[in-house]
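Here is the structure we will look at.
Every chain is named by a letter (A, B, C, D and E) in the order it is written, and numbering of its residues begins at 1.
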Amino acid sequence: MGSLQLKSIRKSYGTHEVLKGIDLEVKDGEFVIFVGPSGCGKSTLLRSIAGLEDVTSGAVVINGRDETLTPPAKRGIAMVFQSYALYPHLTVKDNMGLGLKQAGTAKDEIEKRVGKASGMLSLEPYLARRPAELSGGQRQRVAIGRAIVREPELFLFDEPLSNLDAALRVQTRLEIARLHRSLKATMIYVTHDQVEAMTLADKIVVLNAGAIEQIGSPMELYKRPANVFVAGFIGSPQMNFIAAEKVGDHSAKTIGVRPEHLTLSREQGTWAAKVVHVEHLGADTIIYLESDQCGLLTARLFGEHQYEPDEIVYATPDQAHVHRFDVDNQAIR
Amino acid sequence: MSETDNAADIVPIKRPVRWHIFVFMLPALIVYSAVMVLPLIETLRLSLYNTVDGQPAFVGLANFKVLFGDPRWARDFWNALVNNLIFFAIHMCVQNPIGVALAALLSVPKLRGVAFYRTAMFLPTLLSFVIVGFIWKLILSPIWGVAPWMLDLIGLKFLFAPWLGQSGPALIAVSLISNWQYIGIPMMLIYAALLSIPEEVIEAAECDGITGWAQFWKIKLPLILPAIGIISILTFVGNFNAFDLIYTVQGALAGPDMSTDILGTLLYRTFFGFQLQLGDRSMGATIATVMFLIILAGVSLYLFVIQRRMRRYQF
Amino acid sequence: ADVTLTVESWRNDDLQIWQEKIIPAFEAKNPGIKIVFSPTAPTEYNASLNAKLDAGSAGDIITCRPFDASLELFNKKQLVDLTGLPGMENFSPVAKAAWTTDDGKSTFCVPMASVIHGFIYNKDAFDKLGISVPKTQDEFYAALDKIKADGTYIPLAMGTKDLWEAATMGYQNIGPNYWKGEEGREALIAGKQKLTDPEWVKPYEELAKWKPYLGDGFEAQTYSDSQNLFTLGRAAIYPAGSWEIALFNSQAQFKMGAFPPPVPKTGDTGYISDHPDIGVALNAKSTHAEEAKKFLSWVASPEFADIYANSLPGFFSLNSTPVKMSDPLAQEFVSWRGPYKSTVRSTYQILSRGTPNLENETWVESANVINGTNTPAVAAEKLQKGLDSWYKPAK
Amino acid sequence: MSKARTSPIRTGLVHLALSAYTLVALFPVFLTIINSFKDRASIFREPLMIPTPSTFSLVGYQTVLGQGDFATYFQNSFIVTIVSILLVLLFGAMAAFALSEYRFRGNMLLGLYMAIGIMIPIRLGTVAILQGMVAAGLVNTLTALILVYTAQGIPLAIFILSEFMRTVSDDLKNAGRIDGLSEYAIFFRLVLPLVRPAMATVAVFTMIPIWNDLWFPLILAPSEATKTVTLGSQIFIGQFVTNWNAVLAALSLAILPILVLYVIFSRQLIRGITSGAVK
Amino acid sequence: MGSLQLKSIRKSYGTHEVLKGIDLEVKDGEFVIFVGPSGCGKSTLLRSIAGLEDVTSGAVVINGRDETLTPPAKRGIAMVFQSYALYPHLTVKDNMGLGLKQAGTAKDEIEKRVGKASGMLSLEPYLARRPAELSGGQRQRVAIGRAIVREPELFLFDEPLSNLDAALRVQTRLEIARLHRSLKATMIYVTHDQVEAMTLADKIVVLNAGAIEQIGSPMELYKRPANVFVAGFIGSPQMNFIAAEKVGDHSAKTIGVRPEHLTLSREQGTWAAKVVHVEHLGADTIIYLESDQCGLLTARLFGEHQYEPDEIVYATPDQAHVHRFDVDNQAIR
């Protein structure tokens, strides 16, 4: 009841091609996350699915029907906009309830659903306010609330949590996950947050410059990135890329090691390097190294560690987790 | 809007008929066409007819030939057109800048008494031209003496002259009266436009050090340009249709010596007649058609050239 | 049921008199007929009446402007031929001229009132300055000079702002003395005289001499300014039309007198403009033509003439039966009808049928001449040229 | 909004400028009103003096109010003006929305067609209009006036409103579409409330010529029962009338109701602004 | 040249008090980060510092001068707005350059600085576009660029990186850090991102419901949170709070253990618990546990670990990192 197929969707603004032929199959009830660098076309793709943007060519098939020309209102979707797009003249409550009211839902049913959503999003104290009187995070929550009260089959979220604080973000993320499970709705979600992407998604779609780089489950992407781009994009801090020949590996062009797969030792190891900068995050420590052989390296250690800039350390890659890429930047498997 | 931007060029699939467009257009179209357009066409049609031997007959463009060929008609017409252009120029240079300035002042945040100022400054616009004409004739009258008395207060009495009675100043004086009356229109439109600029953009400008005048010129003005476009075209259309005020202030003959005659007064005099002059519907319709073409040219220029180039910003 | 007749008129000033005197008098005698007097502002009257007649929604009784405006309506068959209307015999052909076809065959309006031009003066001022009523042109200027020298009063209350004031109260007022009334007017229509002839230029030359005697800023002085200047006692002489009488009587706090336009030389025949101004006609589309005719016959009766002329001093009946005027000023005006030769305004008949319109041009040029922006000769030439451009007198 | 952003000097200058123009705007009106309460002689002798006990006079008002049934006239004017404004706003806004929101073939031409109405004075069509009304049996009804004024107001309303509707954020309308709102609901529930300042402006602009119009009441509805105020009071403003007391009183009286209407609409404007200004 | 003092700043909207007496001292050149739950007043405080919001009472002292009533333009600040607030009619380039132009900066200097900033923010391809033609992340970068080209003494950033992808975020964060060092400017920064807060800040200010909960360096807050609120707010996933009496500790009301300070073992440990849910983030694994004794527990393990729901495991807190709180929720030191 919420399957989606995109068939070579293309979209241009004037001569500028933003989507370069997107093919995608989303099964009913799946949770799909779009990630990709800023400006790669995530929002545009989401808007095309919603029917807000006319695609230049290609087809949007929802539940097996070609809906490329169906108006958004008839596609049975809910969407959270990156710019929130709240109705400035309505209160929070009416912002959330308008769609239901329009659909002729009974008053007390609206009341109930809005009550539930606003409880879930801690919005109760603000129900009577207008958007102008809310903080950024509160507005974002209203936008989410507006989408979820309608309980459609297909949800589109454009960076819905970017303005929330960590605690609320975790909480809302869990709520969305629960919603997904309980409604069995299909969800398509854009985020920049790695944790969100890794924890929520059934399937992550990595976009780059209007094209799909890889589609896969979170751990697939983490463990077996198809190419340098995906390898670099998934995981934070970014994977270290080292010119293969510098380290004597001639079967690849580039090798990649994630920061968490480097171990440091003051005594011995594969690559000698100088500590450049140390970041203490509490639970982790990020150490930036400069090595003659491999250039800049980032290592991520669990817990707290005292390293001083200019200290010389040895970094050893975990051989089981070394990625190798060919001249075309494709992973060698 | 964006949703249909490129539909025509590439996607060959036909979109379903959008009935709502018809529904939105229909009531306005019906009332407007039936009560306004058809009667007007009926009238403009008369420009191709004239009375020949006591019978109305189709004469083609003969009426236009008379209007432009007959020296007297042509003289009256060109005189009116030139006066009208002056009239328009004065509105553009006086009324609109002052209106914009007033709107800008009114929109200064946190100002007290804005509602009062706004109402007071809009009051002249609310008045009927009968009132405006009457009051200003009195004020400028050398007999009643309000204007000379006030000039005397600031020691400028020698500047006073019976302006409305002198061919040179009369047109300027009438234009200024009209400016006084209609300044509320640009003021209100620009005020509404200024208010729709988002607060945060202005705040960003404040932080950027762009304040006061610079803020107006560099931020607000570009954002209200479409509204300025509207007031310009409304002024243009309004001025080329104007006649009421001149009728009441200077009479139907737009004295002295036709020096305040504009197209509107010429048209009304011709079409409806005046005193012993009988209304000449054919020549009136001819003048109306020419005026219509002039205004149409202006409006088309605006719609097809200026408005298309002008960027609009969605807030 | 009662039949209601609607009277279209521009005389909104007369509303009260109609409601209080005329209508009750008629209705008392004609039960079953009700009259509604429905006036329009004078400036809008012609246009709105034409529109209503064209669309067929005009009232039953139409108040007629003199000459061509109404003739046009008759020619369009919007007015009924009233030649045979009972009561029409009460009017002389001259009285009917303004509402009769060019060939003199049909009359389509019942003449109602005429107005007479002259000068109204402030008697108190004349007495104070020891001026006697001027009879000739020279005495007139002598009087003006004297008033001017004294300085208390503005000699002449007239402005050029409204244009028509200069033409009607100036040119048409004093003109007949120079072009010899009907004689000159008919000659002009026949093409035997031209506006550039001395008879027609002379009045302009006289007008040009008025300038120094007018008030400060007379160029912007409106008609009502002039009235006020005079009635408030600030001006001594008012070039007038007789219609001012009622208003002046109610407003002026001093004694007033009137004198006819001074003749060029002692012993010259005097001429006055006694101009038919108001008539009433029957709308051809009226559904109550019979009742309306009854009403029109009554308007033609001496009874109406008496009520009307006495309620509206200054609007003189055109009825052949003389009306005794109770107002002294009005009586003064009407008394000139005998000794002076009456004529109608020179531009009204036939000569203002084309474009440019001679009447309108006369307004403009009269103002120009007084303002000094055109010399009398130039003004006359312009007028004649305009007339020549379309008027071909029947040879 | 912040005090820190408004210096007293700047505020002072702004007030100075605004007061100066207010004076210019109000002075003639003030002059009319004070003189309407004076006797005739002092109107002329001391036009600038406010009425004193010795010069005070209500004769003008007595004359005016004694003439005709002004209560009915006012009622007619209000009905005609308000109904026309409502129709103009509704029909005009609907058409403006269609023209500004949707791209369809002939959009521009239709826009131009709707703008013709502001290019030719409707008065020229009087005869045909009157004939139509006679045929429809609407002469001497307020309906006739309302029809004409609605037709007359629509072009300007479309012109102004479509410009303002273009500034309503697409995202917002799209959010509505996603929410399942029909195009009608988007128009009535989202766009209309958001262009309220412009609607109020249009209402005021539409109101002025209607209230002040003399011509169509004269032609289409001159009967005593359908007379409007402007028509009712015009008898004091004839060519030969010098009854300044009555004229000034009539003029003063005519200012008041339209001022009231204006205040009503401009309050709408303020409400529109405070409720819709920020996203 | 960029010191800031806030003296008992209060701010109400109507009867609703948003800031409840904020005292803060920021030294010249310091990098201060405000964190706190959505709606706690961070943006309001920032706007009060900028002079965009009138404070109800209190004083804003900049460089030793009371500037409470100085207009924003004269405070020598630059600000990045949460909603970007770009000038819609200007190109990206002009958006960035306008402030400088207004200040009368020479053309080529403007050119240079805009060039530098847009290079830093990867905005070069968009210099000629207008905001409406940019993606969300691109707009945000323009807003940052607009602030930094002006190089004032005091920067105010309101969640400047929330719409950026991970890579760009790291990059921009480093740029801001570099900018801070090179300009020696004082920076006040609002963020929801823990990593940003921990890595950038000299000093973190934790706000809650309009009042300051704690001020301290990142590691101070992590290691010695002053109270339950700060302990819960700093660190993600959130610290585990356990009713002290349940675990037999009677000297405290609550004890807190961060997820990263729990070790799991299938064989033995302090608290027996059942696995509820497992999240695989690649570099870490988050394990949600349900224990009879302590209620819900979250554990964070470095690297990948296979646990299945319903498995019984034993969690052992790292005693060196156990936090203890009294009945007033204050930390017991």
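Brief remarks on what is shown
Here is the rule we use: a residue touches a chain if its C-beta (ideal position, glycine included) is under 8 Å from a C-beta of that chain, and two chains touch if they have at least 3 such contacts.
Bear in mind that the values here come from a model prediction, so they are computed numbers and not experimental data.
With steps allowed only between chains in touch, the distance from subunit B over to subunit E comes to 1.
Contact analysis places B-D first among chain pairs (by count of C-beta pairs in contact).
Here the spacing of subunit D and subunit E, counted between their Cα centres, is 54 Å.
Measuring from the averaged C-alpha position of subunit A to that of subunit C gives a distance of 92 Å. If you average the Cα atoms of subunit B and of subunit C, the two centres end up 38 Å apart.
Rounded to whole angstrom, the centroid-to-centroid distance between subunit A and subunit B, based on C-alpha atoms, equals 55 Å. Counting only residues that touch two or more partner chains, subunit A has 51-52, 83. Across the assembly, subunit D contributes 1, 3, 5-6, 44, 126-127, 169, 174, 182, 214, 234, 237, 277-279 as residues in contact with two or more other chains. Taken residue by residue, subunit C touches two or more other chains at 43, 228, whereas all remaining positions touch fewer. Of all the residues in subunit B, the ones that touch subunit C in their complex are 54, 72-73, 137, 140-144, 161-167, 247, 251-253, 255-258, 272-280, 283.
The part of subunit D that touches subunit A in the complex is made up of residues 169, 171-172, 174-182, 185, 189-190, 193-194, 275-279.
Touching subunit E in their complex are the following residues of subunit A: 13, 35-39, 42-44, 82-83, 133-138, 140-141, 158-159, 162-170, 192-195, 198-199, 218-219, 222-223, 232-238, 258-260, 279-284, 286, 300, 302-303. Listed in rising order, the residues of subunit D touching subunit C in the complex are 40-41, 44-45, 67, 126-127, 130-131, 133-134, 139, 214-215, 218-219, 222, 224, 234-235, 237-242, 244. Residues 1-5, 7, 18, 20-21, 23-25, 27-29, 31-32, 34-40, 42-44, 98, 101-102, 105-106, 108-111, 113, 115-132, 134-136, 138-139, 144-146, 149, 180, 183, 185, 188-189, 192-193, 195-196, 198-199, 206, 211-212, 226-227, 229-230, 233-234, 237, 241, 243, 264, 267-268, 271, 284-285, 288, 291-292, 295-296, 299-300, 303-304, 312-315 of subunit B touch subunit D in their complex.
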